[in-house]
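Handing you a structure now.
For clarity, chains are labelled A, B, C, D and E in written order, and residue numbers in each chain start from 1.
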């Protein structure tokens, strides 16, 4: 599905991503874990072309995305629920969801059906459908951001810390939803601080340290590795 | 009778402010930039019309050329001068806009020379008589144009897909891009529409007040900006409302107080309005969520 | 007398009652948790306690003084300091200056003394510098003193916010999700720091947090709200097993 | 730290005095003729006015577009007082000093009165309301008798010259520097950075905004007074909106939050139109073009928020350049709420 | 004030004189006319050997009609170019702006065209080659009363401009003295372009004539709106109307204004000047050009008579001069004003100036 080969990313002079390669296969949940500032967000942004790598290439469904315009990534089936939610604060909840479906040309009723699906997953959003999104609580905004990403019906979804700032009950829900979405056929690349939970639902994982991949492998195996436990799982 | 006639006079001035303010507010609403060069785009639009009209083109072609020319100019300005500054501090973009406005003004000065040109009367100014009242046809046209464009733009921004894309881009370009919106095209489109409206205002202004000159955009640009803020900047109906209020206040101040104090009164009212409603008459008072 | 006493605190945004009849009592150097689902109104409570929002109804007494209707900076002087859910540092200033700004009210030289660099200026500036360094040392951030706040790693930014709040010499420190975005390891460190602060400065702490390991690990008392209303109060163990809390918040 | 500071004071005093002596010698020998001398005085005036605006714009973080109004208040009140004092035959320094101080105070008072309601607004709204006040001040001056109205005010004693303009500028800058590097200055900067956070650590934001605004108006008034005593003629049209813009441009180009940047930019932007005089009609075209290009390539201004000091130049010029460069790389959107 | 070492005292090299006025901007016709005529005159003088063998060198600057700009221009002429005398300013506002400086520097300054009364008041070094506003306003008023038989008038003037306001005052006082009616006395500001408010009031008051004391660009705009509004009153103007017919012939058709000379004057001095100007610049000169031309010869003669380029000597020589030029005979009274100048009343017919009457003051 997604193949990353030897990418380097710089912010000005800061070398944030150093020669990283990894892969996400069709139908998988892959998670990237690592401390603050390890470069997880940077990787996701590079994949959705918000940032440009100086070296290396990224292949989506076998296609080199080098010359794809950022706004066309979603047409290729990639959605990105960015870090910090980035919802449209002045728009209503409903409009935000509509924006998620911006590129879709299906009939209105079909879109409405998908919107209903989002509402069943997040009843809170339905209550607040007319509210200006900027005044939602942090958790509500997070739900909206995920809901919005789902509205494009992506084949692969990049999620950047979806559980950040959520109540425990919602964290459970979010991870359930991620599993759900995945089961329904969406490939998922997940970035999480909550490494415990992420590893539990993921198939495979990569561990990132200051811009380099330092470990990779089966998620459940990593869960039990001592170094990982100590550094990322608080164990 | 005189009073009503003065109201009509106010309407004339106000509608022109409104047309220019619409473009101002539109651009502000999307890129959050006070596009100081807007008044100069208006001036350029007036010159395009002047050139086309003196070349003997039919009226519709004059309008078309001027509006298209200005739209292209507006997009070019954005690409060249504003785009590189999208991630810069906002005030830097503001200064660039001011510099751009100076640049256009001086460009016009070099190309067209400083002395004003007399604008051909491409819009007939046959007055319409209603009893003792006279309404010039330019007033009627300007008024209709401003109302029509206000309605059109409101619909466009709120109900159509490209309009919603504009709003999304205005809030968060990166997130909008992730939704599949081409932010560059959207911003270009915004400038094109805004600039075409400026040109329209420029033509009407030129015809109504007979002259086109390199400095002609300065004051109407500033006044239109004030009008936009008065109504609530970024809000389309607000621009029109602000424009009309400015027109009326100015006219009545001149008629019943003194022409010398008119500008002070206009700004005084602006200050009073903003003190009571800090985001303009139609502005929403959104508190920052902490 | 309780350090902080809140009665019947209510705020409405248009039709929405975001906080409804909230009450709490916090004693000196108590460690109290405030939890609840997203959108329950926790941050809003903080905003009312610190004067950012004006409550629609209710009373707040801090250290025997009423704070309702007071400006945030006045409430700081009475003795409340906070951090923000979305970090709000003085990004373009150095770490040291961030802390020194919070020392502002503990200095007393006036404009003229400052401009003409009279001896009081030198004396107080020296003291401020030393105190700031001391505080940064507690957070192990002395070496960042000259770094611009925006260039700090995320976790350090959270710590700087806490240090800055402490510099105002508060009687109560309110932390809004200090562990958000931290991994479990960092969270554990943070927990120790909070403990340390409480003991060293002998201040009360009111903590909003979704990370249960942190909340349950250090709070002596917890209040749970949902839809702006209190649904439970008590010791961590009681809260953990409270069916209402499980249903609305913890989940199972 | 104490010792270091004292050393840097001495270095700066020596540098400033040396510059004065060099310029003075050049003038004595007519290498700098009266015409260029005039330009230098205008640079001084612009330095004063722009650095005073930098206090509001760069340090307080509030976009004000009516600074010419304060300049006008200072210019007119000092000029009127000065005309009234003509018969008193005071020494030039006294006469000018009293007049300027009066101009500064009047401007400060007006600034305070305007600041109270204006500073409740944010960003672009504050900009427009200050613009409005600036225009109102101009219209008022235009319409009252004793200011000479639209016809302008003549008969102002021509007391300003290179020497006093230079030292007044030095004094104003020294005060502003000292202010910024004090707890009050930090309080002012904290408002720029984040008003809500500033309040949350106990900064009385309203008070400090008013202080910042008043001081800023005060020095703008001094600058205006100097202008009046150099031009010997005042005309309300001089202090129009474009004048305010011109001052804002100097501040932004130099770098908001950098006083040394302001000095440099004032020098460049005041002399540029004169340098370009040879290009006559292309002069302002080139000027504005240069401005656009500068903004595109260095949006944060020449110095960003870095300060240049003699001290740093002597110790490690590289470090300073590095800081300026770093500013260039920064992706911050400070002023986002401006 | 500048030290003795300056070029001012030099007895060799060209004699530098300055001239300034609006050569660009809305009233560019005036500055250009003056500058061009000064250059024409200087060329003629230099061809005839200059002043005692020394050639005249002209430094000219554009003020755009802006007063502050006029001051920097003056300073530049004085400090950078170090001219010994100045012909200027062209309009009253800019001349008043530099007045104080010229007095202080004792700079010999001869304005060809600034008509505002105060220009030469208490200014020993300033002279003027044209008539004064109170006089031209009075002439315009008398003409309105005697010739147009006006019993009421509306006055619309630019309150930001000394020239316009002074004229309005003087004109009004004639009407008041005669116990005639001034129906409207309305000031507008320099930035106004919309006069409909004022014109609505005037229409309502229905006076016999409208007096418009302003420069041609504003007059063009106002008369356009007067025609648009269908006002049928005759408009009367002043020397600031000169050149209005270039862009607004239709709008000002049939209106009257007072001026310094009439191009149709058969006097040979006048026609020679017109021919010379046309030969050099390929266009007809206007009245302001004629004044600039005369002023240059006056200044040259004064410098010659002074026998030195010292300021005070030139000033003394100017005071004593008598010169017959295109615009009549120029001699100065104690105040420095040219006395007994001609005044021409002009009607615009088919877009051309038609001399109605020519008066000479006693």
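Here is the rule we go by: a residue touches a chain if its C-beta (ideal position, glycine included) is under 8 Å from a C-beta of that chain, and two chains touch if they have at least 3 such contacts.
Computed from a predicted model, the values in this text were never measured in an experiment.
Novice: Which chain's mean C-alpha position is the greatest distance from chain B's?
Specialist: In terms of C-alpha centroids, the chain at the greatest distance from chain B is C.
Novice: Of all the other chains, whose mean CA position lies farthest from chain D?
Specialist: Of all the other chains, the one whose centre lies farthest from chain D is A.
Novice: Indicate the whole-number Å distance between the mean C-alpha point of chain B and the mean C-alpha point of chain E.
Specialist: 38
Novice: Determine the centre-to-centre distance between chain A and chain B, using the mean Cα coordinates as centres, and give it in whole Å.
Specialist: Averaging C-alpha atoms per chain gives centres 42 Å apart.
Novice: Could you grab the centroid distance between chain A and chain D? Build each centroid from C-alpha atoms only and quote it in angstrom.
Specialist: 49
Novice: Averaged over CA atoms, how far is the centre of chain A from the centre of chain C? Could you give it in whole Å?
Specialist: For chain A versus chain C, the centre distance works out to 31 Å.
Novice: Could you list the positions in chain E whose residues touch two or more of the other chains?
Specialist: 24, 159, 189
Novice: Can you list the residues of chain B that touch 2 or more other chains?
Specialist: Residues 109, 260, 263, 290 of chain B touch two or more partner chains.
Novice: Would you pick out the residues of chain D that each touch at least 2 other chains?
Specialist: 142, 196, 281, 331-332, 334
Novice: Given the complex with chain B, which residues does chain D contribute to the contact?
Specialist: Contacts found on chain D: 57, 63, 117, 120-122, 124-125, 127-129, 131-133, 135-136, 139-140, 142-143, 196, 241, 245, 248-249, 252-253, 256, 281-282, 284-285, 287-289, 291-292, 295-296, 299-301, 331-336, 338.
Novice: Write out the stretch or stretches of chain B touching chain A in their complex.
Specialist: Chain B residues touching chain A: 161, 164-165, 167-168, 171-172, 174-183, 286, 289.
Novice: In their shared complex, at which residues does chain B touch chain E?
Specialist: 1-2, 5-6, 9, 12-13, 109, 113-116, 118, 125, 127, 134, 136, 208-211, 213, 219, 251, 254-255, 258-260, 262-263
Novice: Please name which positions on chain D make contact with chain E in the complex.
Specialist: Per the touch definition, chain D meets chain E at residues 30, 33-35, 37-38, 142, 150-152, 154-156, 158, 231-233, 235, 237-238, 281.
Novice: Using the touch definition up top, name the residues of chain E that touch chain D in the complex.
Specialist: Within the complex, chain E contacts chain D at residues 2, 5, 24, 66-68, 71, 75-76, 78-80, 93, 96-101, 104, 159-162, 165, 189-190.
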